[in-house]
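Just dropping this structure here.
Order of writing sets the labels: A, B, C, D, E and F. Residues in every chain begin at 1.
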Amino acid sequence: MPIIEMHMLEGRTDEQKRRVAAAVTKAVSEALDCGAETVRILITEHREEEFYVAGLNKAQRAELRERQS
Amino acid sequence: MPIIEMHMLEGRTDEQKRRVAAAVTKAVSEALDCGAETVRILITEHREEEFYVAGLNKAQRAELRERQS
Amino acid sequence: MPIIEMHMLEGRTDEQKRRVAAAVTKAVSEALDCGAETVRILITEHREEEFYVAGLNKAQRAELRERQS
Amino acid sequence: MPIIEMHMLEGRTDEQKRRVAAAVTKAVSEALDCGAETVRILITEHREEEFYVAGLNKAQRAELRERQS
Amino acid sequence: MPIIEMHMLEGRTDEQKRRVAAAVTKAVSEALDCGAETVRILITEHREEEFYVAGLNKAQRAELRERQS
Amino acid sequence: MPIIEMHMLEGRTDEQKRRVAAAVTKAVSEALDCGAETVRILITEHREEEFYVAGLNKAQRAELRERQS
């Protein structure tokens, strides 16, 4: 049944999404020894203002590096 | 507490979303014998380029069938 | 494709899970007019110490009511 | 590793998102005694037609109250 | 940032989980052209009574096939 | 409505979970200016063999550091 939710920053092309879905399906199907048709992938894109590491988003981390350099 | 996340392809009307939310709430509330007001439903829509079965999205599966017929 | 994640407190019997899965599948399939075989349901159970409303879990809310009565 | 998915109704400003991400990161880091840089937060916004309590969305609940008053 | 949640039926060995995590990380990193250290994978296992296709779990589908054959 | 899913490695005590839930609820409620009773938190614990960074789990990363030192 593998059901795979992929969260990524927006900005990838449809071509990249197709490529990553194909590659992940192959990887899962081989590693778990299950049919590719049982693998489902859901992609959710997040805007930069919707992803935080250490409480900062990408723009905030860039500003921080700027100020520290 | 049932909290229910529904992932679906985009394209449903608001009317359809209201109908499915009402029907699922009733189903959960009756089957689990809990108050409807404890049931929360979150809908997330995915574009066609964001859902893959066997590593292919809807357009790719249609192309494949086309070529095979 | 509807893929449905249901979060619920642990303690339901297998029979209840089967019943709620069957009822929700029927509700989704009818309301969205899609084949039942396209509906996938994932249940995740949470212990009482893993679900909080207003920052309190079930035991804490019971204590609070006790003290307030 | 704490990875935190926050679902909220759309309409918050970027400033509010930054503020909630910073506050939650601090809260998690202190309460679990782990480095802030291990905390990741993903925000997913939902339109009003995508969130239901007791089978009703915000507009439907407002109508209901209207009719009952 | 890719953050990947993998839902699978329980029963895989730790060795299989390590293998699938390594393979998926490599696939994502190559297809999206991002560093492997930015890829995080969360595995959630589900018991057979917690996964339904067309409203039936694995045991129920086996019974059905039995009865139909 | 904020609904918050927290994924963390298993091993935290119930006391720590209560503390983090209370702290996150307060942070969200203040930063988003919404009532604490609208905030719901779901905790999901993952075993060490179920969380991977750069394709390696905690034990594998420790081994790697060991070998590199």
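Keep this in mind: contacts are C-beta pairs under 8 Å (C-beta built on N, C-alpha and C of every residue); 3 or more make two chains touch, one makes a residue touch a chain.
Note that the coordinates shown come from a computational prediction; the quantities given were computed from them, not determined experimentally.
J.: Strictly by the touch rule at the top, which chains does chain A share as contacts with chain D?
T.: B, E
J.: Please flag the chain sitting at the greatest distance from chain A, going by CA centroids.
T.: So the farthest one, by centre of C-alpha atoms, is C.
J.: If you tally contacting C-beta pairs, which pair wins, D-F or A-B?
T.: D-F
J.: Return the chain whose centre of C-alpha atoms lies at maximal distance from the corresponding centre of chain E.
T.: Following the centroid criterion, the farthest chain would be D.
J.: Can you check how far apart chain E and chain F are, centre to centre, with Cα atoms defining each centre and the answer in Å?
T.: Roughly 21 Å separates the two chain centres.
J.: Can you compute the centre-to-centre distance for chain D and chain E, using the mean CA position of each chain? Integer Å is fine.
T.: About 27 Å, centre to centre.
J.: Name the residues of chain B that each touch 2 or more other chains.
T.: Where chain B meets two or more other chains at a single residue, that happens at 1, 3, 7, 22, 24, 26, 40, 42, 44, 46, 51, 53.
J.: Graph shape for the chains shown, where an edge means the two chains touch. Line, ring, star, complete, or other?
T.: other
J.: Kindly provide every pair of chains that touch.
T.: By the stated definition, chains touch in these pairs: A-B, A-C, A-D, A-E, B-C, B-D, B-F, C-E, C-F, D-E, D-F, E-F.
J.: Inside the complex, what are the residues of chain B that reach chain F?
T.: 1, 3, 40, 42
J.: Sort out for me which residues of chain E touch chain A in the complex.
T.: 1-9, 12, 16, 19-20, 22-24, 26-28, 30-32, 46, 51, 53
J.: Of all residues in chain D, which touch chain B in the complex?
T.: Answer in residue numbers: 7, 44, 46, 49-57, 60.
J.: Can you check the complex and tell me which residues of chain D touch chain A?
T.: By the definition above, chain D touches chain A via 14, 17-18, 21-22, 24-26, 35-37, 39-45.
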